[in-house]
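Each structure below appears as structure tokens.
Both complexes below contain chain A, partnered by chain B and then by chain C.
Let's turn to the complex of A and B:
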């Protein structure tokens, strides 16, 4: 990856979103081999560039989100148990040639892949397969954005204060893989949503661009023309725009040295349908 | 154009360019019995067609396939996508027509029940070489991702989606994709003919 892109991604990662959210249940739930989860209480969120959304946004139902991204050690266990996901065996349709390139060997992490650092260079197919293996799934875009918006305990309601903190994060960014779980924790007890890696979401391909969509109300119109700010929930939510652009540029087999993932689960008794 | 939209567009272009470079992947040699490393049919998926038959993606192996993702209650571009595919079918020789399969895969498992799929076949006048299929949301997402098809459901229940038509060879390797409507019909027909002439990949 070139330095410009790396810089850009780091900037994206280090700018925290800011959306007022409801308070959340912070009861941790331990789930076998899927890591530690916390409940993200239902909340309202306005998706970017979607026409016909009510003023208050759409309700994102409550769900469980892993407190940390999946680490190299976690992912190694998955590869050991699922040989088809070894570097030498994964088909190109499922992961590009940079898959797990930071690992020393097929089943050896090495100095560039500390066990406690987030696993990166994994494709969407790989991330999805891991999630399925631990009885979980990837979070949706809306779920991820909801969880990543709740930092009132740290930053209060002042976006300027948040921005200052974000710039401080940016200045402290490092190319060295960092252990997960040490950054700022969200109100819900979720670590590393901003500042460590970019994360796959299940519906990253929900961004419809360039000559697509239904013709009359294409999101392109909203994205590239003057309608952008009018359609967007919060024009000051710069980081959300950046994430939107990144997701729209990804393909399912792509891998990046700054792109990892965390898993999510449905609440045991939750209704899965979102309010329209 | 606003400042933010400039940033967003240049960001997207930069990322696309960088990733296109990063994605220069090499194909690995394959045996006749194993699907190629780049075959779409390596992906999991269980699809049910209008007649109730269940198809894994791997079971689609063996015939050149022209495939698009639509939803049958769509009144905008989906009928146009189907019409473009019908035009491709008409352009094929009688002999070739027997060996090319046309597939419509639905975005919308909630509304595209088997009766809805059958109604669509009848309404659009699709012949026996067409499969109109539905699957679970997970399998829909997987197929869309592997084909590079973007989609999302709108608050109205309709979908924004890519208008991509894909030509797959007998092994499920993508030979050509027409990215938009109106489709590049001559290129689609040429890709179907080429895939039928050289099935191995």
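Let's turn to the complex of A and C:
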């Protein structure tokens, strides 16, 4: 799907989400299901792919990030309030045929979808609509990567230990869904950034769809072979490579059994989102 | 190519095969100018490739016209055995390591479907070195879990090629098991052989050292330092050992398609006790060398070779970077059945004492070399036993007596060793060949007679039986060893009598 079409569809779906959420009753639910947030202080991030990035890295302004991924229970409330996001009604262009396949029924979670486990098999469009419904948004790649890099309290000054732990999860076969909130907590108090699910970000395909804006000299869009390392800031950051590769393999309607999301917000004082 | 040398290959007179190869090589050269020359104007006949797993090779292609070949390959992330007691989460093509061998004919149109199983965590793709095009197909096959990609290529260049996953970080996708071989047969086919085998070497980098039990995760630091814990054939320690050994018969010609996935190491592929008659170095269509002992297989490369089997026995496949074979798992077996030809190989004809200071080499009873041997006190006996063990036993049975799964049985906590003291003495005295079961695992190898003195045998058996988790309380005495030797020692001109040694072989 080209980016123009994607943006158009995104807007249509976001409007649909807003229309569905205009009663005061639903507004109250929005706040409840938005979960709790913590401030991620502004920071400097050296992204994996550095074309066009200044040497010192990118400054990511402060923002609010949900402490936990969205759960099946959270998402069920969203689907009940927004029938167009039920399995039977969602258009294929917004979510593929595997959408919410771990749920027992249209509005039933069942044994493969514990209420406290992260919701998976949701498309980018669905995740974006949910975020909008709770008055939030998806974090950007830069925001997510910044939040996911802060584990000094747990791992000290040894980023290899974090990398090894993340690799161990990536290297393990898919397991049964776990309740959210039990994994390693980041310095900012954010749970489950690593080791539970992959997470959607707002600009998930920024790297691999950058071909046209960077011209022929840009990175290989498929990140295949050693070509993926050619423009990387740190070719040994395997966990980041895997996240970027996974994001690059996705389209907005795709759903994966290991892919969920969490929501973010601008700080109340921030007038606009500044990282995109 | 020197056709004359091909025709007059003195090692075996398979003139027809050689002729076919020579002709094949010439025509392959001619047709490589336009590999699609024999494409018909209409639609190609369609066939779907039947997938077969290593060491099986897909059937020889008999058609002599191009076809459209449909290949379906599924990527799966599966937890499987890497060695006895050791598991690993492999990323695979087709659920196994290596992935299935693919076989098409030069000039074919290949419609490739890469299916990424929905339970997988990772996106995957495939780079087939047989493909002429960006990424060898990787650019067109990047596939999220639960999705499927399709692309089509023409098999332009005949040869044997590696395929592998090329998703970033590519080293980790290869290190976790994503590779296999694709053979693009020359249009005229390969010279006929009796059997074909598919062997693929690769290495694994695990958090725990070799043999550390349980589920092992990928160790990136070891991978960066190119320091693997495991170097294996066909995806696990022992995959080609014992019951899984390759099997053939005397008089047959066998071909081995050998791939090397790396991700880092180059293989020095060797079959102990055989000589490769023809080697296609680096997987090319030219049989460019005859009578080769060891051939290099580069990482991300392949070779294929053939040999006529003239002698029965077990022939060990190794990476002749030999510590990999001895200590990291790079061992396989080719078991050849049939009648021995004493002109080709006699077997052991004599065992004599060698006296370097002069005098004739004589056959003498080993006992006479030991007239001064006397029983040692317990501590001295065990200390001598440790020395004898380190010098004579540890190379195969390993320093901690743990053995090498599938090849050398353990002495540590060994039920076979502890069940019968006399049998154990007989084995060290006379060697052992044939199938045995140790701690529930089958072994079918050969232990030679080590020609140790009786005192050494008493010492080393006392030491082994009281160490490595074996809980003997009694020593093995010099008298016990002498008694068994008297009952079992082979005379120089007579077969060994039935005795403890025979019992040991049961």
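The rule is simple: the second predicted complex is superposed on the first by the 202 of 276 C-alpha atoms of A that agree within 3 Å, B and C clash if a C-alpha of one lies under 4 Å from a C-alpha of the other, contacts with A are read in each partner's own complex, and residues count from 1 in each chain.
As a working rule, a contact is a pair of C-beta atoms (placed from the backbone, for glycine too) under 8 Å apart; a residue touches a chain by one contact, two chains touch by 3 or more.
Please read these numbers as outputs of a predicted model, since none were measured by experiment.
Contacts of A:198 after superposition: chain C is touched, whereas chain B is not reached. When both complexes are overlaid on chain A, the residue A:80 reaches neither chain B nor chain C.
In the superposed model, A:258 makes contact with chain C only, not with chain B. Touch criterion met: A:249 reaches chain B and chain C at once. Comparing chain B with chain C, the partner in contact with more residues of chain A is B. Applying the stated contact rule after C-alpha superposition, one finds that A:241 touches each of chain B and chain C.
Applying the stated contact rule after C-alpha superposition, one finds that A:104 touches neither chain B nor chain C. Within chain A, the residues touching chain B in one complex and chain C in the other are 96, 98, 223-226, 228-229, 235, 238, 241-242, 244-246, 248-251, 254-256.
If you check the complex, the residues on chain A that touch chain C are 96, 98, 160, 163-164, 167-168, 170-174, 198, 220-229, 235-236, 238, 241-242, 244-246, 248-251, 254-258. Those residues of chain C that touch chain A in the complex are listed here as 77-79, 89, 118-123, 125, 127, 135, 138-139, 142-147, 166-170, 172, 176, 207, 215, 217-221, 224.
The touching residues of chain B, counted against chain A in their complex, run 1-2, 4-5, 7-9, 11-12, 14-16, 18-19, 22-28, 37-40, 42-43, 74, 76-77, 141-142, 144-146, 148-152, 154-158, 160-163, 179-181. Put simply, chain A touches chain B in their complex at residues 1-2, 4-5, 8, 50-54, 58, 91-94, 96-98, 124-125, 128, 202-203, 205-216, 218-219, 223-226, 228-229, 235, 238, 241-242, 244-246, 248-256, 276.
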